[in-house]
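Order of writing sets the labels: A, B and C. Residues in every chain begin at 1.
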Amino acid sequence: MADPAFFTRACTLTLAEIVERLPAAVGAVLADQDDAHFVVEDVAPLSSAGPAELSFFDNRKYLGQFRTTRAGACVALPRFAKDAPAGCRLVLANDPYRAYALIAQAFYPQDPVVPGIDIRAVVDESARLGEGVRIDAGAWIGPGAQIGARTHIAANAVIGANVTIGRDCRIGALVSVSHARLGDRIILHPGVRIGQDGFGFAMGLPSHAKVPQLGRVIVQDDVEIGANSAIDRGAGPDTVVGEGSKIDNLVQIGHNVQIGRHCILSGQVAIGGSTVLGDFVAVGGNTGISNSVTIGTGAKVAGGSGVMRDIPAGAVHGGVPAKDIQEFMRDMAFLTRLRKARGGDL
Amino acid sequence: MADPAFFTRACTLTLAEIVERLPAAVGAVLADQDDAHFVVEDVAPLSSAGPAELSFFDNRKYLGQFRTTRAGACVALPRFAKDAPAGCRLVLANDPYRAYALIAQAFYPQDPVVPGIDIRAVVDESARLGEGVRIDAGAWIGPGAQIGARTHIAANAVIGANVTIGRDCRIGALVSVSHARLGDRIILHPGVRIGQDGFGFAMGLPSHAKVPQLGRVIVQDDVEIGANSAIDRGAGPDTVVGEGSKIDNLVQIGHNVQIGRHCILSGQVAIGGSTVLGDFVAVGGNTGISNSVTIGTGAKVAGGSGVMRDIPAGAVHGGVPAKDIQEFMRDMAFLTRLRKARGGDL
Amino acid sequence: MADPAFFTRACTLTLAEIVERLPAAVGAVLADQDDAHFVVEDVAPLSSAGPAELSFFDNRKYLGQFRTTRAGACVALPRFAKDAPAGCRLVLANDPYRAYALIAQAFYPQDPVVPGIDIRAVVDESARLGEGVRIDAGAWIGPGAQIGARTHIAANAVIGANVTIGRDCRIGALVSVSHARLGDRIILHPGVRIGQDGFGFAMGLPSHAKVPQLGRVIVQDDVEIGANSAIDRGAGPDTVVGEGSKIDNLVQIGHNVQIGRHCILSGQVAIGGSTVLGDFVAVGGNTGISNSVTIGTGAKVAGGSGVMRDIPAGAVHGGVPAKDIQEFMRDMAFLTRLRKARGGDL
């Protein structure tokens, strides 16, 4: 059970209600209609769920836990129905993890924003605040800024002059945003930095000359950005993060970068200036991508890689320098086998 | 000498007093009992220490500096006693660096916390503050939070609702903590982010579904966490940092990660979700570790590595992808030799 | 055109005025003196510049854009004069990007600092503020701190006791600085961390012993440091960033590091303790450099590298472990060719 000091369960639901709420695309059905009235009191991981709780199983690695779970109900793929222990009611679905995500959202919806402008917030008189906005103490809202309805600006965040932020956004504590236009339903976790100067210098003697950074950061709807990540504004064009993209903690995005829609960037990814990512690109943690390269739609990059060249749509690359991940792994394995076969001789 | 604008020396000590204060395990003895009453006025690096100062020598690389040091006293291994210059009194010890650390702590103890709640701090009336707590201006303490005795919350830090922080902690400026339980004597350097949502999404069309993150962050006693590092809360289980572990700056720790006791994570390490580190694991800077791998007790990982698989206890791995570090280095050296022997021909 | 919500153009200039303002070293001349009175209204990227705007061309990759640009004027190398389209007036220069940077600075100078101490800033009565200083709400200036003339401390930044900051600096929102001396004309972007403890421990049982960090951070004139970067103070010696060096976002610099003058460190570089960089060193993004190595003047390190050994002055290294970048690339290419030639056999 989630710690009630931090999480408030909104409801209990019967299995019938749960199946009914799920979108058709998830393909959820009860394995046994007799379970329709079973009351689920909470969600929980497979290993700790109890008889009144619902869990999910979607990774063979945890088959042992599934076979012995004490969960009262579980979402699983139809082909694993035979592995469920007695007493574990089944919701069959073609995407159990997505089904679980949506069910867990029903039990634990985002806390609603309680409107109010703390008297200790600093809000410029020319800023425009939508209905139901909440601004916590110590937040600083600059002249001309616009904050959309029901958006929450948490404590000590700093929103620069003329920045626009859409509706239903969650701007975390100690965030800074300048030179930016943000869409709706955006989540910025604490310490995010948006809109500062890009790293633009004409290098050389007698000293590097700073190039004024005259673009903005555009963040489209439904983007989420992790703690302490940084997105520089464009040098002339804008830096853009496309709709629905999810960015993890401590990610660096350089000026003029264009991130497509529904991309996934894991922790400590670094993307050099003017690089372009198509839609649905996924980049593993700690990977660096050079400036001015293009990553095609749906491409994946393994964690820990160093990308120096374009990657075609749909390809899966990895390694340093990055190439087709299978090729890279084969190269490294071949090298080891060759060295050992030779006993280190040439 | 340390800049008195920033550091206040607490005392002077004779060599006898120094040896007496050191724990037996360090095995400290004076090389010459006649030096017992020599007064050490300060500590300093080998290269700059003067006749009234004590330094240490524990790395052969600096043997030249040791032989010519002007230090009035020095901690060193017994086998290097013969290399000390005339006038440099010797404290012999089996771990000179640890001995030095403890001596330097005596000369420069942490400043005591001066109690007081700044009137410009924002402390919810339901928060509970222990005796001798200090809270600086602009800090924000949420409802139900508990702050242990003598803990210092620095300026503009944000402590979320119901968070608990133990005794004698130092919470740096501009830190944010939510959904977390922190033990005693913890140091969080400025800009640390603890407790925000883990990076949990059921990926796919039409858009990635956010998975509610229902766990916490548990930070055990005597942990230190570097500037701008981020630790996400668990998805269901907790994220845990074990007792005495030390985490450097700009480190990323994903949801559900379990860090054992007395681990060392250097700067810009990234650890993927649900990965488990045993006790006394050491990870070099800029290394990425995939999600859901296990690193055994006492294992070491070289800096700049990409870990994709489990590492057994006690092993030393490195490279991309990481493997036994000696094997990796041999592979790369063999490759170069082979290419050159062939003049690039196959 | 830059978004007027965020950027204010200071002037228009004729081509003659532009050439006149440029320093002799740039070697700027008009291709056609008849263009001297042409009025440039703004600067813009090659692809979007219109007939009243000036752009620049200095990278063959964009030759197509240059040939078809609608820009009224363009800075370019003399040898490309023949490629300019009709109607595009030419400023010829030996360093077009630097010329453009200086021209753009004329059109978009840094906003002047509007003096004033916000009543909601927390300024210790013993702090000393120069003429024309601006301190925004929520900023915290500790006892004994000194802030030079015309320096701007943005909202919620925290400046520790006895820190000195020079003239004409821009200290971004939510920055923290302690144990440091900063020169003139320094830019710290939001979330920078300067002066916290270095990562110094005498490791081992029963627990790692903290080594008091008794040095400072010295940042020389004209340094710029990117968002959320962290620079630890020295352990005994100081950590030093040399004049004119430019540091990107999310960079980690360990204790005792010495960065020379006019270095360039790209995003997410990590530099281990006591490492020394000469002048004009350039390090690509996401590269890690071990502790206690020396990188010679003018050396370059490719992005995504892992540096474990000294690099001689002027060398260009890369890869993991880093070596001469050409050698590394040849090694990796040879490996692939050899494996394929063998069909994976030994």
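Rule of thumb we're sticking to: contacts are C-beta pairs under 8 Å (C-beta built on N, C-alpha and C of every residue); 3 or more make two chains touch, one makes a residue touch a chain.
Protein identities per chain, from UniProt: A, B, C = UDP-3-O-acylglucosamine N-acyltransferase.
These numbers were taken from a predicted model, which means no experiment stands behind them.
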* Asked: Rotation angle for the CA superposition of subunit B on subunit C, to the nearest 5°?
  -> 120
* Since subunit A and subunit C are copies that touch, just let me know if over half of their interface numbering is common to both, same, or not, different. => different
* **Averaged-CA centre spacing for the pair subunit C and subunit A, given as whole angstrom** => 28
* Structure fact -> Flagged in subunit C as touching 2+ other chains are 138, 156, 174, 191, 228, 250, 268, 286-287, 305, 320, 335, 338
* Quick one: in the complex, what on subunit A touches subunit C? -> 122, 138, 140, 144, 156, 158, 161-162, 174, 176, 178-179, 191, 193, 196-197, 199-205, 207-212, 214-216, 228, 230, 232, 235-237, 250, 252, 254, 268, 270, 272, 286-288, 290, 292, 305-308, 320-321, 323, 327, 330-331, 334-335, 337-338, 341
* **In the complex with subunit A, residue positions of subunit C that touch it** => 2-3, 5-7, 25, 43-45, 48, 61, 95, 97-98, 100-102, 104-105, 107-108, 118, 120, 136-138, 154-156, 172-174, 187, 189-191, 222, 224, 226-228, 244, 246, 248-250, 262, 264, 266-268, 282, 284-287, 303-305, 319-320, 329, 332, 335-336, 338-339, 342, 344, 346
